[in-house]
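Which chain is which? They are A, B, C and D, in the order written, and residues in each are numbered from 1.
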Amino acid sequence: MSSDAIDMTEPDGRRHPPGDLAIWVFILAELAAFALLFILYGVVRAKHVELFNEMQLTLDRNAGALNTVLLITASWCVARAVAAIRKGADGASARWMACGILAGVGFLVVKGFEYSDKFDAGIGLDTNLFYMFYIALTFFHFMHVVLGLLILGFLLLKTLRGGYSADDHLGMETGASYWHMVDLVWIVLFPLVYVMR
Amino acid sequence: MSASFSTSAARNIFFGGTVFFVLMFLALTYDTEQKLPQRDQRAQLANPAVAAGKRVWENNNCIGCHTLLGEGAYFAPELGNVYKRRGPDFIKAWIKSQPTGVPGRRQMPNFHLTDKELDDLVAFLKYASEINTANWPPNVEG
Amino acid sequence: MQYKSQMVAKPYFIGALVLFVAQILFGLIMGLQYVVGDFLFPHIPFNVARMVHTNALIVWLLMGFMGAAYYMVPEESECELYSPKLALIMFWIFLAAAGLTVVGYLAVPYATLAKITGNDLLPTMGREFLEQPTITKIGIVVVALAFLFNLSMTFLKGRKTSITTVMLLGLWGLAIMFLFSFVNPDNLVRDKFYWWWVVHLWVEGVWELILGAILAFVLIKITGVDREVIEKWLYVIITLSLITGLIGTGHHYFWIGTPEYWQWLGSVFSALEPVPFFAMTLFAFNMVNRRRREHPNRAATLWALGTGVMSFLGAGVWGFLHTLSPVNYYTHGTQITAAHGHMAFYGAYVMVVLTIISYAMPLMRGRAANSNASQVLEMWGFWLMTISMVFITLFLTGAGILQVWLQRVSTTPMGFMATQDQVALFYWLREGTGLVFMIGLAVYLFSFFKDGKSAA
Amino acid sequence: MKSPISGLDVVWLLLLAGTAYTWWLGESGHAGTGTMMAILAIAGVKGALVIRDFMALRGVKLLWQAAVFGWLILVLAVNMAAYWNGN
């Protein structure tokens, strides 16, 4: 990734993260909440290894992996959409954004099937410690995906109306940053909850 | 802060974030309401004495000195588990014998409760003592 | 002061300070009853003194918020208040209702009060902080609605700033959450669950919006820093408050019969609750350091900085101290809670109301700031009250730790009353510092009468 | 875009490969300390790629990079330590 790496590095003089700084304060706060949950997960798991290992087997790892692929893809599409708008290609940007949204919706659908399976089995927050964490973590994350998709939808509409350009796309960067945070959290969540034993 | 930190973005994030967490909190509230029947001994409310006892508890402002499940004033003993600590007869006799009048000691007023009110109050305290409080308090002393 | 109608704030501030004195007086009575149990018994039993202490606090803080809103909203909206007359009428109704309620508490036994105010028709009394007769609660709602109507009309016809937006959101939230004080199911668990929607969602929710807005307003005025900068901080702080504080309500749902997952969620989110308070401290100091002018009212600056520090200590640090469920299992309902309550209320809400009073009162009395002599006295009041509160908190924490040790952790737990005897020394120390607090309050109040006119 | 292949595409392929490997480790029933370290290492690399290239934190103020990379390292390190303690 040599030639286009310039796309992704900040233009000279830009020393702040992409997007509005306000979103970054929010991102850090959200990451802090997830960090506490992840840390507690590890600590509690260490005390109940057998329960966690046993319960982990009842999760649908394929669905989890598929969702990882979907979120990674969505994040990639959104990154391409931002790269496109930086070059002023708003048509391409809108197409990438739409693909990103599609992948995100796909995540919700897969997760929806996963949840309905679990809820039909009578599983809830108070089933046991593992499921407490499973539901708290994934549902909290699920809601973030919903919120992220709303933001992406808004970005898409604004792009289609010609609201962003090569000179003015701070809003898109702001929304994209939030979306990547949602992706980042899942990248940690999936191996931790679904795979590691 | 930098120019790329706009008030409008901060405001939108405030409104969006607030709505988001309100929804999360409401979802948790809904889930709690679904789970409560397993823990809150609501079957006992079929006995009208329990609700009547709660009125006696409230109308005499017991919470102004005591705690109930750890909430209230910290001037007098926890009463959420007093039924288990002392039993019904002691509770009634104790309330009737107040105040002790021992100089310098904390005093509880005499509330002139009728026998029915005492029975209702005991029914309420029994109900409170059987709520599943996740093993709180740590020991019977409250 | 730019608008005539801002003057309606004055009676609110004076009323607030009068009730503040009553609050502290009854606090001293209670403090003494902790060690001399039969003091004033049977004339003022502990529960009555406590009702006056806590309800006076709530009412005077509300009056302070209302005064602050009446002062701030016209100035921010750049137009006169919709109806100054309505504001004054509501003040007298509010004061009369508060006064009558206190008289009711003191004159007749609580059960009699419940009976004559018809509590059985709609039982809402006898729950901590919500002891007011139902009719008083309805009165509070009416006053709040008239107040909000008045301010919202002003807001709508004038300039809409972030500060007034946040302030009004906070005040509307305050009124709406108070409606849950009418929810009193027979089911004790549900009663407690929704009771916290008033108490927690007030002090760790919507009140923080009001706190942030007042602090932001005063900081704009005394530092001259760009409104743009301060408003961004304001939004960031209140966002952090609500995203931690809403699910943070869970730290009250550990042991009252609610599902046990609240122990995890409540611990995680409330562990983050110090963050907004820390941001507030940074905010206050940052803005004062970047000030573009030397405002003659140094006392107001001191109060604003004090709010930043003390709210972080009281609400942030002392809150965190016992918010994690494994710790709270032992500290729930002990003097640790009391310690946190005292410093958090003082550091966050008492101090922010005194900040706006310190800033606005001289202006309403026709001067930019009080004379140097008067400000020195006010700052003496600040230090006496603040340092006393730190020590009250430390002594209560000491009492709490010993109480937890003897009554909860020990393998041979002591009974409640036996434990209380063991910690009596801490209560004596607390009462002594309480007296110093009262002296500080007297010095503070005296500063209002100290030749303020020879001002700079 | 001159070249149809962007650096972002390479990152995407790397992320997919990492996911596939993690999935395979789970499917084949691997467990134990070595697997745990492999899984967390892959998660670390994937997270770092997302932070660096998608979130585009490469080259921004160190404080911001430290905060987000620090988050990733902290979460993974604590889970690794907890694993050693528990198993």
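Keep in mind that, in the parts below, a residue touches a chain if its C-beta (ideal position, glycine included) is under 8 Å from a C-beta of that chain, and two chains touch if they have at least 3 such contacts.
What you see is a predicted model; the values in this text were computed from it and never measured.
If you tally contacting C-beta pairs for each pair of chains, B-C comes out on top.
In this assembly, the C-alpha centroid of chain A lies 39 Å from the C-alpha centroid of chain C.
Distance from the chain C centre to the chain D centre is 46 Å, each centre being the mean of its Cα atoms.
Per-chain Cα centroids separate chain B from chain C by 23 Å. Residue positions of chain C with contacts to 2 or more other chains are 232, 235-236, 239, 243, 259-260, 265. For chain A, residues that reach two or more other chains under the stated contact definition are 16, 22, 26, 32, 125-126. Shown for chain B are the residues in touch with two or more other chains, namely 1, 5-6, 10, 13, 17, 20, 24, 31, 35.
If the chains shown are joined wherever they touch, the resulting network has some other arrangement, not a path, ring, star or complete graph. Pairwise, the chains that make contact are A-B, A-C, A-D, B-C. Those residues of chain A lying in contact with chain B across their complex are 16, 19-23, 26, 124-126, 139-140, 143, 147, 151, 170-171, 174. Of all residues in chain D, those touching chain A in their complex are 1-3, 5-12, 15-16, 19-20, 22-23, 25-27, 31, 35-36, 39-40, 42-43, 46-47, 50-51, 53-61, 64, 67-68, 71-72, 74-76, 78-79, 81-83, 85-87. Those residues of chain C that touch chain B in the complex are listed here as 30, 33-34, 36-38, 41-42, 45-48, 50-51, 109-111, 114-115, 119-120, 123, 125-128, 131, 162, 165, 186-190, 192-193, 228-229, 231-232, 235-236, 238-239, 242-243, 246-247, 249-250, 253-260, 262-263, 265, 329-330, 332-335, 337-338, 407-409, 413-417, 420. By the touch rule above, chain C contacts chain A in their complex via residues 232, 235-236, 239-240, 243-244, 259-261, 264-265, 267-269, 271-272, 275. Across the complex, chain A is touched by residues 1-2, 4-6, 9-10, 13, 16-17, 20, 23-24, 27, 31, 34-35 of chain B.
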